[in-house]
Structure formats: structure tokens, C-alpha cells
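Sharing a structure below in C-alpha cells format, with a few things to ask.
We just call them A, B, C and D in the order they show up, numbering each chain from 1.
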């Protein structure tokens, strides 16, 4: 049975890959646009079916398959393969599900695109699905890194989908560079781990952690470097700056890659390698602290952002940090639960936002208003997503967030708990702020042409909304939080409601003036910092332009004008010297004969003086 | 299969087939440009097919030098025509075949004196093959010179001149020497490489004499044991001599000028294969013949390689001429090659050899693409370009794949090479080498993507019109190279299995039992 | 004995004097005539060295052939210009000093060494030379013939009128 | 290469020459130097050739003298060769002079300096 599971998992992996190969190699097919989309959608749908079958009817036991990849003298140096267990089964379903819905949605969302562009888009999507599935199936750090980079590549390509927009090009490159910075820590970390243990595979590493071979000396550094990979990919402070810019990509891409799946790879990796992180408590402490800090930081930025996609992006950063904080506090299960639920409702929110943008043609929430009347369907599903994210029961966000708060409280990290609680409040606030401003507030522009999304976009939205509600109900009935103290449940609810009330008061009822609120100390300080994104973007731009490019120009100058200059100096001296000596060559044969004669003379004299000696 | 290859003297055929092609081109194809190209294609195809067959037939269990051939040339001096390949040289032969196969197609559009161009190119290739397959140091050196000298004519006649402004304290020297012109580049490259080969020749003779002056055979010299002091000096001579060709800092400055000025196929071959020839020389002759010296001098090799990696990448970032960017990236990657070799670990040495291969293919692809862009846009100035992706999507895609391989993205061969080098670096006696290696890949990501973004992305540049994608034979070159990058990136053991059979015994000799 | 010695010195004096005249006379034509005299004197020296063959060859081939060549050359060049057949010397003192230096150095080389005892003159010299030319030196001899032909062709080629 | 007069070696060495080898060598050296001086100083290319003749002539004296005093005919053979080559050289040289004269209207060696650096 385990073999059957493994085969199913490989089929799930192979289907999108086959679609990618087909689209990548067969150029006429790719240039047909919608047909390419259908190829990719069919492949992912088939993959979803197999993944669901695996989740519901699989053997349930763990299965690992390994094949040698890098040969070595005594057995392979590294292997690739697949691991089927609780984590990967659930992720397979999530990834294929969201992928499928997003791809269907894209057919409607991008219907105005040129056929070759659309074909390219779906080829990237197929590659992404393959890479993400490969990532979740990874039985080793190395394979995880391989697919980790591939999903990064897809993210880069899809952010830059509108490649002739300078802002999109810039955002794509920025995303790649910044995640790459973390990834290099990741690869250095796994190389160090390999040097110390001789393997990349999780199973032997976990065994070593169990028997106590791990931690070895310097293990903390190794795990810290590996964690850096997650910092980049899951947008933790200070490498979170790429994610808001990544919203330059098409909205479905943001839903799939920058909300539901790829950005969770960091969380997934830390969850997967949790047995190793446990052996490095310092790193775990750091993960929790950075997670809580980033959660709050991103939430404050979300509160002041006017671009609907950017609000969602900051919210993603914040929610990812929630998961990280949970893992750092020793409750990876809660973090993983939040990962799954967040994947559902954040995809819903992004796709809903896409529908809104599609309808009104702007991203700025203050140029929207009363959209609920114009777009009732979209408004409803967006409301479902908002309620889920804000943590209103019985939607899943409430349960997973509550599980995290419980876990963090029980781990005794009160500081982290307080920060996360505050963030939960802010989350409710900024989500309802969007809701009120965009959907219920005053209309700023007439929307004669605004209408609900076409079916290809609406169906995925309703499916996601339905699944969100279902997941919430299942969690409510499952009652997984058996040891959650009642006061905590109440606190969670109270925080969400408080956020709702404040948003209502500030943006709907006008009881409190938002601007007045923002200008009172110390909120004014936070407000102005958050609006300037805590100067982090400026800092990175300065480091890039000033330090890195400046230094490279210096090196380039040195190379060209000093290292090479010295050489040219020598050759110029040679040329000049040749010029000087040229005068000797008079061109007259007799002058040369004088040389011969003197040579003869010298030879004879030398012979006399030296050969004569006894 | 193996018997068949041995019977037809496969290595000799691989080596001399391009030379025969060159002769045929010179004597039969006058004023028939198509015939020139067909002869060239056929002669390199013979080599390519045979090297793929040899690669497949190589006995991975037996290891050692296979497809061995020997014929005495000058018996009194112990000079013989002795050929054989092990895992390392086999991969290099395959690389040479791939690059020249693509190179013939990439230079399909050479218009001036194409007869002489192809003849020289093919003669050069014979030299390269000869270096990789010959086991007699004297013959090795002859082939080495054959591989270096035609370069002068190829760059001097078919090259293109760049634009270097004389600045800095040596500005007058720049005006004096004509920096930037193709003649300058050709002369610089040739002088540098001949300067290096003088060291190599001295080293070869030193070994020959101190081993009893009876044989130039690599196998005999390998069996001899040399005095450690002599080993150190000869190792340094080999390191400098071959290192110049491999672009070691600070003797690398011939490479940007030379590669930037050279015509497409020559840049491909030079950066793709000839620079590897330098690294191959250090590994094969330096480390293979002088194990004690190798063990005691790797700190130098590795240290300089670290400078190469970071310095080359930073220099590449500062360039505004597209060809110079690629040329400096070669300097950086050759640093990784040398670094991998200097780690003296199985992973590192495998990584080094694999990097030679991966970088060869990748930089070949780069130069082919840059040549195409130059041919269509008549410019190499990066910051005047923009938005080419719309007009030339194929070139843009291939450039991106090459760039991704260059920055070590998984699923490309560059990743495997870099990963193995990292593994070797951290496992070596100098773990800190990991830091510049990793930093180098990050810097590579910065400059490669920056250049790709500038050229292919963004709004179309107003300076260019009538751009078009690659066409016809040019696609052959691009597709072959891209396919090799991806296939070897996905299945590295294709290359690593034979390489491993050569590196493990080599390491055993250096590190002792 | 003494007669032979006196004859030698006399011939030597003529040889030296005519040589000096060759290089010093302003008239090129006279130079050639003095060269002929010098060559004839050399022929006499060969006779004293008991080599009548060389004597004959020198007189017939060299003394006459070379001189005729030179006279032709002078005629062809000088006549065409219509100038006087004179020639100047450049840096004559320098040349003489260097020449004297070489002479002194060579003579100095000879000075300290007694002459080795002389062997008997080879008897039947002409037959010996003939044997040598057809025996061990046959190949160089043939090559020499080729060389002469080549030189002849070369001379004709160089000296021919342009179209 | 064995000496040509080898079969004569068995005869007792007798010297009946009154002057001795050194005298010939001195004479040759002097003539050689005079020729050298001529080559160095003459402006006319024909004059230079005449100087060369003198130098070669001196060499021939040496060869003949060594042949005579060494009892070996090889010297004479060489002298014969030298004479032949000299004549050939003279022919080619003078032809060159004429060719040069046609091209440049001069035979003054000083003015033939196309190879000036």
C-alpha cells in the first residue's frame, strides 16, 4: 500500500511536469493561448483528483522513495525522491486545489491577453505546480532546495509577466534577489549540515537528532542559516520587502504564489525540519521572536496602505509570521493548520480583490466605495474571506489563530503572545477597513460598467468560499482545541470584534476620525514610519545602489585602469623603448657590417685572452 | 562498441577530423560558402558523434585511461603519439564537441573570408581535442600551441573593436597601445598565452629531465616520484602557465578584451573550452603529476580562486558592454573551477570538473546569444538597449536559462557544479572558502538578472528598430546548448559518474592512502 | 731558398699594394683593374703553395671572369647615368681603423704560436683533387653545379630589362 | 670525413717550403682586413662587391696554405668550391646592383635604406 501511495504521489508530481514539458517544447501549442491553459488545467485537475484520493483513501502510513542523484565514491552523495506523510499529503491537496482554481480563474481574468502571452503564463503555472509539489514531497534538504529555487524562479517569471512594465521588471528582479539572499544561507546551511553528517536526507537526520548525534558543534549556526532561507521565502523581517512589490504580477499569481503556496514554503520547511530546529533552541527562540515582530510590523503597514492588493500582501506577511511565531514557540501543528486555512481564505481574498480590480480598474480602495451594491457576489465572497482572516467563528481563521495563541501562551512566551494578540486585533481592523471603505463606504466614482465576474472567475471564488466555510465548520465540530482555556477563546473573539468596531467607527460611522487617530502620539510615529515602510526599502535601495554598485564600479575601475593599466603601462614602455632603439636600424647595410666587424673583433680578442690561458 | 571505437582509433579520428575538414576547406571549397559550412559541419559532426559514442562506451567500472593508442614518434627522446581519455578528459572532449558543433552553426553568417575563418577555427579545435586526449607531454604541448595560435588571426581579422576610454594614471599608455581595438585584444591574448606556455614548457622539461629524460609519457611521469622542492617549483610554473589561460587573478585581463573582441564562435570556443583547458592543465598536470606540491600549495590556488570569484563578479557588475559582462563572468566562474579543485575533496573536485563543463556550455550559449544580439542590434551597449524580449523571445528565453545556470539555479547544470563546489569548500581544510563562493553566486544573480532585465525587459528601447529573433542554423546552436544545460542539470550523474572514477584516484594520490 | 723567400715577399707586397689600391682609388674602373692585379698575385701565391691547379683556376675563372663581370656592371650603371666613373668613400678612417684592428687581432692570434711543422706537399695534387671531387665530394660538387645554374638564372632574372 | 690525402700520410713529413705557414696566414689576414676596410668604406655598391672579393680571396689563400702545410687536399677542394661560389655570388650581386640601379637610379649603398626603422 505504501508503494501505491508513493506511486500516486509521483503521478501527482508528474502530471504538471508533463504539461509544462508539452507547453514548453511544443511551440504551436503554447502559442494557442487558451488551449495551453486548458492543457495545464486538465493536468492539474487530474493531479488534484489523485491527491484527494491519496489524502482520503491512501494507506495513511508514511512512504519514502529515494533514487541516487549525485554519484559518489562510497554510495551516492545525494538522492532525490518523494516522501508521503501527513504534511505532504495535505499540502498536495492544498497546492493542486488552489492551483486549479487559480488557473481556471486566470482564463477569465486574463481573457484580454495575447495568445502567446497566455501560453507563456500557463507554461509558468504548470512549472510552478510541478515545483511546488516537488517541494512538498521532498525527502531531503537538497531536493527541497532544488524545488525551493524553482518556485522562486516561477515567482520571478510570473511577477515579471508584464515584462515591458518597468515596475514589474523591477519587482521581479527585486523578489529574486532578496529571496536569493536568504536562499544562499539555506544552501550554505545544508552544505554545512552535509559536511557534518554526510547526508541531506531528513530521515537519517531526524534519527541522529533522536539519538543525540545532533546537535554537534556549530549546529546553531547551521540551523540559523537554513532558517535564513525561510526568512527570504516566507517574507520575514528584514527580507519581507519583496512581497508587497511582488503584487506587480497578475492578481491570480498573487493569490497562488504570493499568498497560498510559495510563500508558505518557508513555514513548511521549518515545520518539516522541526525535529532539527528543536535541537537548536536558540534558533527556535529567534524564529518565534522574529515571527512576532514581523507579524506586528506588517500589520501596521497593512493599516495604512491604500492599495487593496498591497493590504493583502502585508496581511500575508503578517499571517506567515503568525505561523513562524507558532513554530518558534513550539507548536508547529498549529502553525501548519494556519498555513492550510490561510491558504484557502487568502487565495479567496486575492481572487476576490482581482475580481474587484477587474471590475473597477483601480487598486486604490479610496477610489472605490459601495461596491457591495454593484458587485454583490464578489462582495459576499470577499466578506467571507475577511471574516475568516479577521478570526470570526465559525470560520477557519478563528480556530487556527486561536490554536496558535493557545500554543504560544502555553509555551510561556508572554511577549510573543502579547504581540500576536495585538496583531490579531490589527488584522481585524485593517481587513474591515478595506471592507468598509471599498464595499460599504461612499462611492467616489460611478460604476456603470462594474459588474460581477464572469463564471470562469466566479466559480473558483464560490468554490473557495464554500471550502472556507466547510473547513471552518469541520474545525468547529472537530473541536481540536481541547485544552484551550475559555478566556483565550473569549479574548480571540474580543480582539476580532474590537478590530471590527474600530474600523466601523472610523470608516463607516465616522464616530472616530481616522486621520485624527493617526495623528495622536504615539500612533502618529507608527503611522508615519509605516507609511514609509520603516525605511527598509530605502535602506535596501541605498545598499544596492550605493554600496554594491558603487563598490563594483570601484572594482571595475581598478581592474580596468590599475591592474590592466599596469600591463598597458608596461607594454607602452616597451613600445617607447622600441622607438628609442629604432634609430640603430639605419637601414644601410654597411652600418650593420660595422656591427659584424666589431663582433669579429670582439670574438678574436676574447679568443686571444681566454683560449690562450693554459 | 568499445572494441569498435578502439579499432577505428576513435580518439585520433575525433582529434584529426576537424583538421582534415580544415584542409578540405582550404583546398576544395574556394568561393563556395555553403560548401565551406557543410564540410565544417560534417567534420565536427564526426567528432561529435564519436565523442558521444566514446562517452557512452567508456567503461565506468574499469576507470583509468581508455581508448588507448600509442605510436612512437621520436624514440630516442621518448616522444610518442600517445592518446587516451579518463573520466575528466572524456567530459572535456564531450564539451569541446558540443561547443564547436554549436559554434559552427552560430557563425553561419560570417561573411568575410569565411573559408579561412572556418579553416582556422577547425584547426584550433584539433588543437583543443589534442590537448585533452594526448598522454604524451611533448605532443600535448604541440597541440596546446596549435590551440592558442590561430586565435590571433581569428580575433585580429574577424573580431570587433570595443570602446575603452583612456582614463586613470596610465591613460597615455592606453592611447599608446590602442586599447579597445581588436588588434590590441588579439595581441594581448596571444602574448599572454604564449607567456604562459613558456612556463609550461619549462615545467614539462624539468619533469622530463629529472625523471631520467627517457619518456614524455604522462603515465611514465606519473609513476616517477619527484623531489618535493622540484615539485613546488614545477607546480608553480604549471599554475602560472595554465592559470593564465584559466584566467587567474591578476593575470586575467587578456580575457575580457579578447573575448569581447573575438567573433562569436571564437568567443564561444575560447571562453567555453580554452579557459577550461587551463584549468584542466592545472588539475591533470599540476595535481596529477605533482601530488605533494598540490597538497602543499592548494592554499594559494584556492585563495586566488576566491579573489577571482568575487572580483570577477563585481567587475562584471560594473561593465556597460554586454560582451565584457559575459567575459568577466567567465573570470568569476573560472574562480569557482579552481576553487573546487583546490578543495582536494571528492565533491569539490567533481564540482570543479563539472563546473568546467557547465560553464563551458553556459558561456558558449551566452556568447552565441550575445553574438546574435550584436548582429541584429549592432550594439553591445547594455544601457542603450531595452525591451528586446518582445522582438526576440527565443533569444530572451535562452539568455534567461543561461543566466539561471550562471547564478546556479537548480535544474541547470550550473547548480550542480556550484553545489558540489560549496560542499567541497566547506569540507576542505579551508572552510572559509565557502563564504566567497556563496557571495560570488549572489553577485552573479545580481549582475545577470540586471543585464537580462535591462536588455530584454522593460519598454522597447527607441534606439533600435527591425529587431528579429534568431533563425535557421542559429536555432541549432541555441537549442543544443540549452538542452545540454537542462539535461545535465537534471541528471548530473550522466557526467559525474565517469568523472568520479578519475577524481577519486587522483585525490588518493594527493592525500595519500 | 732566399730567392723563393724574396719572391714570396715580392708577390705579397704586390698583393697588398694592389688590394689597398682597390679600396682607395677614386676611379672605380681602376679599382677593378687593381683587383685583377690582386687576383693575379693571389694566383702566384697559389703557385708558391704548389697548387698549380688553383693557379690556373684563379687566373682563368676568377681573375678574368669576375673582372669581366665587374666591368660590365660598371659600364651598365655608370654609362647610363653618364657620370664620371668615380666613387667616394665614407668614413674612410673608421673603416681603416676597424680593418687594422681586425688585422692586429688576427695577427696577434698568430704571433704567439710557432707554426706547426709542415707536412709534405701532397703529391699528384691534380689527380687527388679530381678523385676527391668525384669521390667524397661528389654530392657537394653536383650541388655546386645546381647553385651555379640557379645563380645564372637569378642573375639573368634580376638584370633583365623591365618589359 | 677522412682526409683526401690519407694515402700520403705514410710518407715522412718533409718541409721544403722556405716561408712557412705563418707568413701565408699573415698575408691572408692583411688582405682580409684590407677587403673588410673596403667593404666598410666604399659608397658604390660595386666597390663593396670588390671588397668582398678581396676578403674571399684571402680565405682562399688560407685554405690553400693549410692544404699545403697539412698535406691534405681537402683545402684545395674547398678553395675550388669557394672560387666557384664566389663567381656565382659576384654574378648575382652585380645583377642585383643593376636591378637596384634601374629601380632607384643609384648604386650608392648609403641611399639604399628602405629598411630604416
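Here is the rule we use: a residue touches a chain if its C-beta (ideal position, glycine included) is under 8 Å from a C-beta of that chain, and two chains touch if they have at least 3 such contacts.
None of the values given here were measured: they were computed from a predicted structure.
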| item | value |
| --- | --- |
| Innermost chain by mean C-alpha position | B |
| Distance between chain centroids, defined by C-alpha means - chain A, chain B (Å) | 36 |
| Interchain centroid distance [CA atoms averaged], chain A/chain D, Å | 93 |
| Distance from chain D to chain C - Cα centre to Cα centre, in angstrom | 6 |
| For chain B paired with chain D, centre-to-centre distance based on mean C-alpha positions, whole Å | 59 |
| Chain C, residues touching no fewer than two other chains | 90, 94, 98-99, 102, 106 |
| Sites on chain D at which at least two other chains make contact | 36, 40, 110 |
| Interface hub residues of chain B, defined as touching at least two other chains | none |
| All chain pairs that touch each other | A-B, A-C, A-D, C-D |
| Chain C residues touching chain A - in the complex, by the definition given at the top | 90, 94, 98-99, 101-102, 105-106, 108-109, 112 |
| Chain D to chain A touching residues, read off their complex | 36, 39-40, 48, 109-110, 112-117 |
| Chain B - residues contacting chain A, complex | 164, 167-170, 172-174, 176-177, 179, 188, 250, 253, 257, 311, 314-315, 317-319, 346-347, 387, 389-390, 393, 404, 407, 409-411, 415-416, 419-420, 422-423, 426-427, 434, 438-439, 441-443, 445-447, 449-450, 453, 456-460, 492-493, 496-497, 500, 504 |
| Parts of chain A lying in touch with chain D, wherever the complex brings them together | 582-590, 593-594, 597 |
| Chain B contact footprint on chain A (complex, rising order) | 68-73, 77, 116, 142, 145-147, 149-150, 153, 160, 163-166, 169-170, 172-173, 176-177, 180-181, 184, 187-188, 191-192, 194-195, 548-549, 551-553, 555-557, 559-569, 571-573, 575-576 |
